Structure formats: C-alpha cells, structure tokens
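Look for subunit A in each of the two complexes below; its partner is subunit B in the first and subunit C in the second.
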Partner chain A sequence: MTTSTLTKTDRTDRQPPAWTKMLDLSDRALAVLLLAPAAILLSLIIVYPVMRLIYTSFFSLSLTSGLPAEFVGIENYQLMIEDPVFWETTWNTVLITLITVPGALFVGLGLALLANIPFRRQWPVRLSLLIPWALPLSFAGLIFAWFFHSEYGVVNDVLSRFGIEGVIWFNSPNLAFAAICLTIVWKTSSFMALIILAGLQTIPRSLYEAADVDGAGRIRQFFEITLPLLKPAIVVALIFRTITALQTFDIPYMMTGGGPGTSTATLAMYIHQNTVSFLDLGYGSALAVVMFALSMCVTAVYLRIIRTKE
Partner chain B sequence: MTKTFLAGALLSASIFGLAAPAFADTELKVYISSQHQPQVWRKVMDQYEAANPGTKVTIETGGNTSEAQAQYLNTIMSAKDSSLDVLILDVIRPAQFAAAGWTSPFEGKDMSVYLPAYAEANTVDGKVVALPAFADSMFLYYRKDLLEKYGVEPPKTWDELKAAVKKINGGENNQDLQGLSFQGKAIEGAVCTFLLPYWSQGKNLTDNGKLTFDKQAAVNSLKLWKSFVDEGVSKKNIAEVATDDTRKEFQAGNVVFAVNWSYAWAQSQSKDSAVAGKVGVARLPAMTGGEQATCLGGWEWGVSAYSKNQDGAKKLVEYLSSKDASKFMAVNGSLLPTHSELYKDADVLKAAPWFADAKQVVETAKPRPVTPRYNEVSETIRTTVNAVLAGVTTPEDGAAQIEARLKRILR
Partner chain C sequence: MSQVIASGANSFLSGKPLRFIAATILLVNGMFPALWILFTSLKTEAELTQKPITWLPHTPTLANYMQAFSDQPLHMFLFNSFMVAILSTCLTLLVSVLAAYALARLNLKYRGLILSLIIAVSTFPLVTLLVPLFEIMRALNLLNTWVALILPYTVLSLPVCTLMLVSFFEGIPRDLENAAMIDGCTRMGALFKVVVPLCAPGVFTAGILAFVNAWDEFLLALSFNSNPGLRTLPVGIQLYQGEFAFPWPVISAALVVGIVPVAILIVIFQERVVSGLTAGGIKG
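On to the complex of A and B.
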C-alpha cells in the first residue's frame, strides 16, 4: 500500500497518459493478469480436452453406426465392468508398472553410480546412457521385436551358443510379457539414471571424506549418505516413470501387437483400438477416463509422499 | 452439396470478377498405400493429366498394411480433413466408409462392366460408394519342380496337401524346408486364414448382415491349422508369420506350399528369386468332402465426402477404374483386372500367363462379412486365430470366443 501511494505522488508531476490509470492495479489483480495467459493456455490444451473426454464418455457415439450421439449415462462404464478385455488389459498395465518401474529404478541407480565414477573420459559413458533415452519408443520396440524373433533374433542365437535351445518368445504369453518388460526396463532405466546422476552430483564430496575419517565403510556410506540425499531425485524420477508406465503403448504395440491373443495388450492399446480402429468414441472415452483417473491417483500418492518428506 | 458449391463459386466469381478459366485449374490429391505400387499408378495419373489439361494430380503414400492404412484414414476422415480427394480402400472397408458418410456415392453408375463380386462389394444399401481399383484373391503357390520330382499333383484337399508334404519332406530330408506357409500373425490375412476352411465346409459367417455362425465348422477350421503346426507341416512360430513373411520364405526356396495373394507372383519371378520358373499357382485346397473356397481381396477407389472438388475427383475415379487403367495396371503392375474381358487380353496374358485361369478363381472367391463394424469382426477373428496357433487357446475355446464376440458385434 505504501509503495503505491509513493508512486502516485511521483506520477502527479509527470502527468501520465490516461490509459496507465487502468493498469494501476492492485497486487492481486496484477497476479491474476500475469497468470491469465498460462491459465487460459492450460485450460485450452488440458482442461478442455479432459472435460470433453469425460462428457463424451456418457454418450453412445460410434462413427460406424451412422447414428448421432446419444446420451446413455453410465452405460459405457457398465459395459466396461462386464468387458473381460478391459480387465485383462488393465491388469497387464498394472503388472507392467509394478515390474518395470522398480526394475528401471534399480538398473538406473546402478547405471548412475557407474557413470558417477570419475572415469578419465566421461563422454562415452554419458553418451551410452543417453542413447536408449533418446531413441523413439516405437523404434526401441521394433529393434527388440527383431532381437526376440524366434528365427532371426540375436537373443535365441546367443542362447544357442551356450547350448540352450531357443524359445518362441511371442508364442507364449509369459515369455512375450517378459520380453516386453525387459525392453521397457532397457529403454527407461537411462532416464532414471540421468535424473539420479544429476542428484548424485549435488552431494558434496566433503560428506564422504568426513565419513571416511569416521571410519564408515563404502556400503554404510551408500545407505547413510548417498541414498537419503538422492531421495528427492528418485521420487521425481518415479513419478514420471510410473505415469509413463501406466500409459505404456508403443513398445508392446510394436513388439507383439498385444499377442498372442490379447495376452500382452495394455489399457492404452485397448483405448487406441476402440477409438482409432473401431471408431467407438463413447466407449473409448470411458476407457480413457479410467486411465486418467489411475494416473491422477498415482500422482496424488507421490505428491503426498513428497509433501510429508518436506 | 455440389449445387450449393457451384452457386457459391459463381457468386464469388461475379463479385470478384474472376475470369472463368481460373476454374479449369483442378488440383486433386490421391491417397495410395505404399504397398500398392504408387510409382506405377503415377503413370496412370500422368495419362489422365495429359488427357485433361488444367488438372494436376498428386499422390500421397502411407500405410504399408491394410490396418495401418485404415488407422491413418480413420484419423484423417474423422477430423473431416479435406486435404485428400481420392482414397484407395481395402475391399472390406466400403461399408464402414459409407456408414460413416466418408465417401460420396456415384449416382446412376452402371456397375455391370465390372466383375460381379466387385459390383457387389462397392454397393452399400443400393448406393455405389466406391469403384474397383483392382481384383485379388488368395491362391495356393507351390514348387512345381518339387511336386514333379516326387510325382505329386497339386493337392485338391488340405489332407492331400499334408500327405504331399510328408512325401516331399521324407525324400528331401531338409530341415529348413517348410511344408506350408500361411498367415498366423494377428493381421487381416489371419481372418482369411480362418475363413478358408470354414467356407470350404459350405458355411457362411453372415447372411444379410445377420450372424450365421456354425461353431463346429469354426472348430474344424481352427483344428486344421493347429494340426499343420503340431504335425510339423508348418513351422512352430507360424503365429509370428505375416503375409509378406510368407512371400519371402517362399521366394527364398524354403517352402513347398504357400497361401498368398496374387502380388507374390511378380516377385517370385524376379531376378533375385530362388524359385523363378519353378512356381505353380493353383486354387486353394478344400476340406475333405467340401468345396474349394478362397478369400476375395482387391482394392477400391473412393471419393472423400470432404473433398472440395467432388466432380473432378469423381471424374478421376471413373478413369482410374476404367478398362484402360485396369489393363495398364495388369500389364505393368501385375494387378488382377476388374474387367472380365481383360482376362483374355493378349497383352495382359503375355505379362502374366496364369491370369487366364485366375478369373474363375476371383469369380468364385467369397467376400469377408460386409458390415460397418468390420474392424471389430476382423479383430475378434485374427486375435483368436493367433492365440490358437500359439497354443494359448484350444480350437474349441477359440470358436466359442469368436461366437460370443461376433454375437455382440453383429446384433
């Protein structure tokens, strides 16, 4: 308040143009004005589509029927509960998340610790960390589909060199699932490693030196210094990784297309199939709402964890 | 729609004082999937441009499988995008496109010039929704040299085929030589895989859009394909095999019999083919006691309902499905003609002698179910075939699943 009275007395001498009066806003109004562009942009590209999605999920809207959209209430959600493929794909998605998120965390942590060792040349290590992360998901899926191919794949070739008979990876739901999870861990652990590596480099060396003086061993140092100080970085990495894991699409789509049968299809693939292939926008929207809710729940849980830690 | 457009155009012309010749410049964009030899179609477009001064035709390519192509067009068309004027469509899609209102009908078009199967496939509820681009169906490719060596006639039934393979494999004693290659991957081709023995038992999947599913025939069909895998006639990873894999394996000389479309012929006769001159093409075998049946393929030309140049696009499609264009594509692209008399044409037969026998096969080929919800029908059948061949589902359970899901789709 005092500042604004000061500026007012200053201005009276110079006779400012009339329009500046209109801009003489209170702090609150200024804050609203400055935030407005971002808020409008976010509403347009995030809030509006999400609302529209929820709205559509209450309609029977299929482009193959030739009929106009009809309000059906929660019928799409009832169909979903009775739909075995919905439960199968949701379970597959949850399973992929439960396996690949911790998997990528452990591998990523190992890679980050390895990359943090003071090598004479840092760049080959950093580069090899970056490559899987920079590779588009669908390319990774295609490459690994060839790796695991029963006849031409390198995996079976290596196995046979050790005297183990190769298997037809994509003929068995369990093996196909394992192949997909391995690929996802390979693809995503470098992202984990990059974030953790950044966290590692913020830990002061002096802490380790002090621990050395106090006679703490390497393992003790890791659990007492490294891990606690890495926690914020790990939580951030976990949030991003879990949400992308719930949305897993590209890698199973390229590797198995959901096969054999529908045993490796994910919820995102089922949404894509219902909307893009079957053109059943109502049902597809209802499925997408469920995935949105799942992602929101996970985010809420993680945010809670961060807040309590602070 | 066209009338209001013309009226609007005339109005704006008079307002802005545009000269009439400005309308002669027509630009048309044609969508062709990359698997369908766009470079050969380009020559047909060049001929059209030469005959119609002021018209410019550009080709957009994309989607090298029927599914990928459908997904792309579904996205474009549901957004009411007007950038494409003419679309190439798989024979199974006109019904879906018509129901969604994505193609413009050809009013008063005489379809009797085409093979009856294509007149039918392109007519939905009495309206002509697309015109045929080329014909196709599935054939049995076989190694003429190996069959002659062992004195085996091309098999008329699947059981004869099994016996022939056992005889040839016994003599050749070659681990890499596969008896029969067919499509077991969960792709569009696997729908035909299922239907071939099903139809051969005299059963139909639908009648006038109503489901007429025969469960026993379905079980028999799935059992037959599974028996090829179990008895070592086909390789164990057949659930990974897509259409072009079959073509490659056969072309490399690793297969005695193969189920494939007509396109495989041209490449099997090319210079880098291990089997050039050793290939025979026959009708597909029947179930013992059944009739020989094959799957109708082929692609169609549709005019996008969102095209801003309806008349120009329709005129181009009329040309693309004309006898001249069909002959050009038969000679230069080895695509089966949609005009009956071209199967006797000297130039066509010089390029592909076996076309002489192909007409009868195409004429007796059966269409896959015609329904706007075909994508769901296809998905149901192909994932089940794939699961049965991978050994995840039994033929009995598979048939039950197909029946249950089709009942919901084709109510």
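On to the complex of A and C.
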C-alpha cells in the first residue's frame, strides 16, 4: 500500500454515518483521544529532546566538573571546528556512508537477482536473506571481528589457502576501515535485497515477453525494464540506508572500538564518548546537532521525492 | 496470477548448474557467519588456538555454553532483553493501533500533514538524542531501569508500525464495523473486537518488527543502563572480554544463545516478516 493511495482515498466515503455521533464521541474528540498517546510519546522522546539538544549545545555543561550549566553562545561550535577528532570522525562517517550505501545496493541487487530465480524451495533463500537482517548489528560486529582475527580468523585462513599471507587487520587504519565497511555491507545488503526482490516480483512477465518479441537482449531488458521499474523501491531503501549509515555505531564500536587511534571512529561514537564517558553534555550536544542537520538534509530529500510522486 | 508476475528477468539463469551456484551463494552469504560462530562455540580452547585452524569442531563440547552462563549473568541479559523487547512491542502496538485507526477511519483535517510527520519521524536518528534523553532519564530517575529503554524503543518502531497498520486498516471493509456498532458496540469496542482481530496478521507482523528492533538496539542500552543486572544482551556480551583476554569460544556461545530466540521467530514467521518488511520499505 502506498501513501499516495492512502491520501487520495475519496474523502466522502470517510464521512461516518450521522447516527454514530449519537452513539459515540464526535470524530474530532475521538481523533484527539486516539492520537494523544502517540503525540505524548513523540513529544517526550523526540520533540522536547530536540529542543533541549539545541538549547544545551549553547551551554558549557560538564557533569564531571560539577559546575552549573553556563551559557557560552557558540563556543562549543567554535571548539568543534578546531577539533581534529570531530573532523576525522565526521569524515569517517561520511566515508562509511559513501562506501557502504552503494556497496549494499550493488550486493543487494545481486542477491535479489539470484533469489528471484524460481527455486523449488523458497524458504532457504528467504531465510538466508532474513538472518543477516535479524542479526543485531553489535553481534555482526563481534562475529566479523572474529572472522578478521589475525591468528585464528577464517578470512586469513582462506587467504592463506590462496597463498596470500594473512594480515593483521585491526592494526592498520585502512585495513580496519575496509573490514568495517565489508561487515556493514554484508549486514545491510540483505535488507536491500529483500526490498528489491519484492519489487522484482511485481514486474509483469509480459513486459519481458514483449521485449523478447522486439529482439531486446537480456542485458538491455535489465537496464530498460527491470531497473526503471525497480527505481521507486530502490530510492526509498537507499534513503533509509543512508540515514542509518550516518548513525553507524555498533559495528565499528564492536570491531575496533574506533582504533587504531581514532582512525575508524564515527561521529556517533564520538558523541557517545563525549556524553557517556566524558559527561561533557554541552559539547556532546553540539556534535549531535551536526549529525541531526546531516540526517535532516537526507530526510528532506526523501519527503520531497514522496511528494513529487503524489 | 503467479505465472503472470513470475519474472522473466532471470530465466537465462534457470539452468540447473547455475541454479545450484546461485543457491550456494545465497546460502553461504546468509548462513555462514552464524554457522561459523556456532562451530566456534562448540570448539575447545585448545582446538581454537591450533594452526591451521579447523573448520568443523573435532570434539564438539558444550563447555563453552556452561561457562557463558557461569562467567556472566547471561540469563539476566536474556531476561532483560526479552522483557524490554516484549514490553516495548506491546506499547508500540497499542499506541500505533489507536493512531492508525484514527488515520485510517476518521475524517481528519490534517491527515496528510500527520502522515508526512510520521514518515519524517520514521527516519529520525535517535543517536542524536543521546544527550537530552540521558538528561531526561536522569532527571526522572529512570537511568538503570527498563523504562529508560522501553520508551525510546517504542518511539523507534512507532512510525513504521503506524504506517503499516494504516494500510491494513484501510483494507478492512467499513460495513463490518458499522454492523458491530449497530449491534451496540461502541466505536472502540468495534476497533478491538472487529478491526484488530481481522488485522491480526498485520498487527502481528508489526509486532515482530518492533520486537527485532528492540532486541537489536545497542547504543541506548549501552548508555542508559550501566547496572550489570539490567544490561541487555548486546551490552552484556561485551563483558566477556577481559582486559587482555578475549575468550572467543565463550563469547561465541553467548552470541549463539542471543541469536537463537530471534532465529526461531524468523524461521516460524518468515513469510510474514518478509511481507511486513517490504511493505514498510516500499511505502511512500
């Protein structure tokens, strides 16, 4: 069901018969009552915290110093601009997004095309796409940390079978970063595949038959029928993936803890460190405002795409 | 119908050997990491530190599982994860059923606006609210309680569940409700006695998604509950690492214990989960 059909439903058929008013609350009172719990929860967990976040980012508030909050204007933001770790973690986050989102898309597309083959039994295929999705991110991080273990890891074992000497993955910033990206792609591509697969299964066969008659090859059919028809599903999945990629925390936290140094730390990890370890709430808030702004940009693009579709 | 929509895109791949290769790729990609951790959990420390490494365990042992439960309160981690996930799922479902009913059935003036807001919230990065949520939970004295996690987890799944349920509710004919109301049901009575039971598969699917979301969450659980007795599984599993030692077989055993409940859920309800996920993903 798409939102476009949701909002386009004829308004007149939603008008309740007059007698319900006598039996029950008026529509408006009922609507307020029904939406109130959601509104209260969202206000408490999202709206108020967002305002509080922006407010706190203009204060110097460190729980370790024991001093009361002091208004410092944009000092936290000035500190941030001069903070190399802020730039490094932001760059890492952007890089992870730029690598793993297209990575998950391509791997997911490949898996979906394979899963779309008419197998006699569907459930093993379905399960093999669902398990990576259902596995907690933090578990995936630990499992792959073990995969990439320098001594007893299966990755180095396989490499050595091909005559390649194993490497110490987590000692080198680049290799550690590559291992993290690979893990994220593995973890997120199967969700992408499920979305794409659902899209593939709604493409009518007759389109391909018509293309066969016209003499279009398989590759041309893929680019001219399959991909354009999959585009809406792919765009939505990409936006969700982009926003979650900007929040990357669990996998690098579990695999490297951000190391060596801060070479694989993400912005979310830096926010967590400043907030929970250093209890520097003012600076942590300023960092979070940056991440908030980043993801709001992506959300704005998303809402715009949805609106143009309607 | 299935013949009509069966895709022709891959028919050139449908030869038997190619089908076998495709199935192997899919299965290895999906299952290998989980299987490998299962094998690791069954190996002895001695076998694990032997080179070249063994793939299948030579002398399978359950000792690591015993140790996983005795080294750390793994049963408490499981219990906490389970309770937090179940309670937040119930709360999510209750709140989203009410909201979705209003959006699907009542003639709301700002319906479009509310739906857009819900979609915007569905992409909200909860990570950014770490500081204010931390402050709120501290002010309300909720740090180190289940509630500190249940409330954010509910909000995490609320938008997707609401959107899913709106589309399910719109598929239920209005006449059934009207009939119930003529028979003397109130509107809320009709909602819970007629609409929700008819939408049970949809409500159930939304519940599974909410459960998995809550079961997987790590950052907030790590930040809000430092009390060992209140740690959830993803947070608790870290405690197995000593300062220098990293007891992989024991950690693997704990991981397997943590994977099994969700795996069971997925195996039993796989079709439903897929339909729920893809309905959520294609929405918009």
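Keep this in mind: the second predicted complex is superposed on the first by the 260 of 310 C-alpha atoms of A that agree within 3 Å, B and C clash if a C-alpha of one lies under 4 Å from a C-alpha of the other, contacts with A are read in each partner's own complex, and residues count from 1 in each chain.
In this text, a contact is a pair of C-beta atoms (placed from the backbone, for glycine too) under 8 Å apart; a residue touches a chain by one contact, two chains touch by 3 or more.
What you see is a predicted model; the values in this text were computed from it and never measured.
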If you stack the two complexes on chain A, which partner ends up touching A:276: first (subunit B), second (subunit C), both, or neither? both
Identify the partner contact of A:288: answer first if only subunit B is touched, second if only subunit C is, both if each is, neither if none is. second
Return first, second, both or neither, reflecting whether A:263 touches subunit B, subunit C, both chains, or no partner chain. first
Touched subunit A residues, subunit B compared with subunit C: C
Applying the touch criterion given at the start, work out whether A:199 contacts subunit B, subunit C, both or neither, answering first, second, both or neither. second
After the superposition on A, what does A:171 contact: first (subunit B), second (subunit C), both or neither? first
Touching partner for A:109 - first (subunit B), second (subunit C), both, neither: neither
Just subunit B (first), just subunit C (second), both, or neither: which does A:179 touch? neither
After lining up the shared chain so the two structures overlap, which partner does A:151 touch, if you call subunit B first and subunit C second: first, second, both or neither? both
Name the contact category of A:66: first (subunit B only), second (subunit C only), both, or neither. first
Once the complexes are superposed, what residues of subunit A are shared between the subunit B interface and the subunit C interface? 149, 151, 276
Could you pull out which subunit B residues touch subunit A in their complex? 67, 70-71, 74-75, 78, 96, 99-101, 185-186, 236-237, 239-240, 372-373, 375-376, 379, 383-384, 386-387, 389-393
So in the complex, which bits of subunit A are touching subunit B? 63-66, 149-151, 168, 170-173, 257-263, 273, 276-279
Could you please specify the touching residues of subunit C with respect to subunit A in the complex? 3-14, 18-19, 22-23, 25-27, 29-31, 33-34, 36-37, 40, 48-49, 51-53, 55, 94-96, 98-99, 101-103, 105-108, 111-112, 114-116, 119-121, 123-136, 151-152, 154-155, 158, 162-163, 166-167, 170-171, 174, 178, 181, 186-187, 212, 215-216, 218-219, 222-223, 233-234, 237-238, 248, 251-252, 255, 258-259, 262-263, 265-267, 270-271, 273-274, 277-279, 281-284
Going by the contact rule at the top, pick out the subunit A residues touching subunit C in the complex. 1-3, 6-7, 9, 11, 13-17, 20, 23-25, 27, 30-31, 34-35, 37-38, 41-42, 44-46, 48-50, 52-53, 56, 111, 113-119, 123-140, 142-144, 146-147, 149, 151-152, 154, 157, 160, 186, 190-191, 194-195, 197-206, 208-209, 212, 218, 221-222, 225-226, 232-233, 236-237, 239-240, 243, 246-247, 249-250, 253-254, 268, 271-272, 275-276, 281, 284-285, 288-289, 291-292, 295, 298-299, 302-303, 305-306, 309
